Each structure stands twice: as C-alpha cells, then as structure tokens.
Amino acid sequence: MAELTRDPIPVERLVAAITRPECGAIALFLGTTRDHHDGRRVTQLAYEAYEPMALAALDALERAAVDRFEVAACRIVHRIGEVPLTEASVAVVVAAAHRAPAFDACRWAMDELKRTVPIWKKEHYAEGGENWVEGTKLG
Amino acid sequence: MAELTRDPIPVERLVAAITRPECGAIALFLGTTRDHHDGRRVTQLAYEAYEPMALAALDALERAAVDRFEVAACRIVHRIGEVPLTEASVAVVVAAAHRAPAFDACRWAMDELKRTVPIWKKEHYAEGGENWVEGTKLG
Amino acid sequence: MTITVLFFAQAREHAGAPRRTLELPDGSRVADALAALEREHPRLAELWPHLAVAVDQRLAGRDALLAHGAELALLPPVSGG
Amino acid sequence: MTITVLFFAQAREHAGAPRRTLELPDGSRVADALAALEREHPRLAELWPHLAVAVDQRLAGRDALLAHGAELALLPPVSGG
C-alpha cells in the first residue's frame, strides 16, 4: 500500500519493511528538494495532491511494477505540503531476487509516477515569487 | 571515501551523508543475503576482502562514477565477515541533480564492483556445507 | 442537480477556493460544467487546453455525463515526484 | 630474498593459512613463486588458470619481477556484492 504523508519520509523503516529473505536486491530512489531549477534559486517545494485518487494511482503503480518486472514488492511514499531543501518528496523502493529488475522497476515506477499521479509541485524562489512546475497532462 | 565494515550498514546515515542541496535525486542499491541460490537453501553469507586493495578499488569506483556520469557523489560500503539473511552486504548510493544519471551510475558501480574488487563470498547451506560463489577473474 | 467541484494547483488558485458546489441542469456533461465555471472564473479558461478532469475519481472526457452528487475534479498537468 | 604471500578465499583454504613468508632466489618472478607454492600446497594448482595475482596491491602478470619484501597476493575469481 502506498502512502501520502506530511512528515519526513522514514527511509530506514521503508527499507526494513520491504526486506525479505527471498530477495537479494533492494533499489531505492529518493527525489529531494533541489536548490535550483532552470537557473532560478529554489528555497522550498510545496506539493498538493488529489489524495484519494493519488493514493489509488500509487497503489496501482506498486502492483503494476510487480506485474511487469521480476520483483517481489514495490512501495511508494509521497510527501505533500512543504518540503524543505534536501528533504525527500518521494521514495520508491523495490525488492527483488536480482538487481537488474530491481533497478528497472524502480526507475519505471518513478517515470510513471511523474506522469500519471495527480500530484502538483510548486517552487518557491529565493528572489521571491513562486511557480507551479510545468507538468504532464493526465490521461 | 568507501568503507569496509564488519557491522550492519547504516542506510539512513549513508543517505543523509550524501544528500546535498544541489541534488534532486538519490539512488541507492542494497545487496542483501538471500535464502536461496541455484536451488540450494542458503543460511548465511561470509565475505572476505583483501582490505587495502579492496578499499582502493572501491574508492576508485566512487571517483569513476562521478567522472563517467552526471552525478555529484557516489559512496560505497561493503560489509565483510558474516552477513545473516536479509542484512545488506553492500550499499551503493549516488546523488545527482537528475534521476537518470543517478540510476545509471548506481547500476554501473554495482556491476563494476562485482568484477573488479578483491572481495569473496562464501555461501553456507541449510543442508550443511559451504561453497565459494563462482566469481570473475580479476584484470 | 448539484455536483461538487474540486480545484487543484493552478485551478484552485484561479477559482480562489479548493472546492465548491455547482448547480447544473439534469443531463449536463463535463463540458457544460466547465462552461459554467468559466463564466464565474474566466481565468480558468487558460487551463482548459491542458486540463484533465476526473468524475468520481476516474479520468473522464468532456462529453461524460454528470449525475447528481458527482465529484468533478479539475486536474492541471501533474508534476509529482 | 624473502617475500610475504597472502592467500584469499579458496587459496587461503588450500594453503591452510592466510599468509606466509617465502624464500626465493634473487631475480625470481611471480611464476617462480607460484611454482614454489605449488610444491608445498599441490591443491593450489587447480586455482592457477583463474587466479589473478597482485604484487604490492597492484595486479601483476606471471612474469613480473619480485623484490625483497614484496607482498604477493593470490586472488581467486572475485564475487563481492
């Protein structure tokens, strides 16, 4: 089951929860708030979600990763609200017997997440002002 | 700087140490002890290293990852000694501005590690017995 | 009939609120709802070309029929991750 | 001259120890050291086809010259990760 949270994403707990004896490989991706974008200095990101639909889409992604790749499990956590610099807005973690499908599934789930889940990101700039990040039309 | 350790690998600390404001992506791979291999039940792995040469090789891999890919940093920790089921024997973590090179570098470093670093892995089996895992000739 | 409209991101800012109710004639479709919203919030129109909509949490086309009590969500291009 | 030999993995098991010293004539090469080791530990010979060796922590060929005090490491195929 995927998760939306307003708190920092607990990486150690996520990794512990997906670890299982039949798996030899865990791939984890974290998207973190970066201090620049398109030449502008970013001070923080703020995320907004259509929560029930986003959760259903993330759950569907977790299941699709297991269906498409030779992996045992996929878990996704997305943070909403304000995410300060260096903190993670999203974590995708995959457990598999072998590392190639673990990497493939983790990467695929992140790519899909960015274009299929109703979540929006706003940048706040050091020089003032804010902007919704250009996104991808759903559907 | 890479690390060899006889203790459990501290994932949260590794991720925290590589996180930096100019990066938006962190890719982490963990290799964990799996309960089966080639149809045999495995109870534990034991790793042995030519420690100074292994450390130098891992340091070189960290630098090569940064030279070859658009990534800011790569850190590798390998555990030696006994590694029980589900615990990590190796961690490779990469920080980058963007996720594609983070994944590429992490995967490349793991592939290289397996064939260029003087570390050896022995499997212990549930039915008794033990075996050095078939490896790759150096050089 | 009455539906609930949810606004997200730029749509929320243009509408000035995250949600509202909207009265529509029976048999209205998504396009009718958007037209009604545009009359009250003209700036929403700039979003239409790239807007997706969901009805009761499923993506729907502009010609989808709306039922009394439906939840219509206005979804600008997404940028999670 | 005297060198130190380090044995790893299967080489360690076949030699019965992780390290030893070895006396060799001056001007000996890696191949001479391996031949001397094989005389004392015949099972090591099965490793030669896939063995790499390092001299003073650098990979070296069978014809590399050894110096007094050198550290020769016998490295079976590696399997880290």
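What to note about this one:
To keep things simple, chains are lettered A, B, C and D as they appear, and every chain counts its residues starting from 1.
Criterion: contacts are C-beta pairs under 8 Å (C-beta built on N, C-alpha and C of every residue); 3 or more make two chains touch, one makes a residue touch a chain.
Owing to the predicted nature of the structure, the values given are computational and were not obtained by experimental measurement.
Traced through touching neighbours, the fewest hops from chain B to chain D number 1. Distances between chain centres, each the mean of the C-alpha atoms, put C farthest from chain B. Inter-chain spacing, taken between the CA centroids of chain B and chain C, is 49 Å.
Centre to centre, using the average C-alpha position, chain A and chain C are separated by 26 Å. We define each chain's centre as the mean of its Cα atoms; on that basis chain C and chain D are separated by 75 Å. Within chain B, contacts with two or more other chains are made by residues 31, 110.
Contact of a single residue of chain C with at least two other chains is seen at no position.
Taken pair by pair, the chains that touch are A-B, A-C, B-D.
Those residues of chain D that touch chain B in the shared complex are 6, 8-10, 12, 50-52, 54, 57, 59, 73, 75-81. The part of chain B that touches chain D in the complex is made up of residues 31, 47-50, 52-54, 56, 78, 89-90, 110, 113-122, 132-139. Against chain B, the residues of chain A that register as touching in their complex are 11-12, 15, 19-36, 85-86, 88, 97, 99, 102-103, 106-107, 110.
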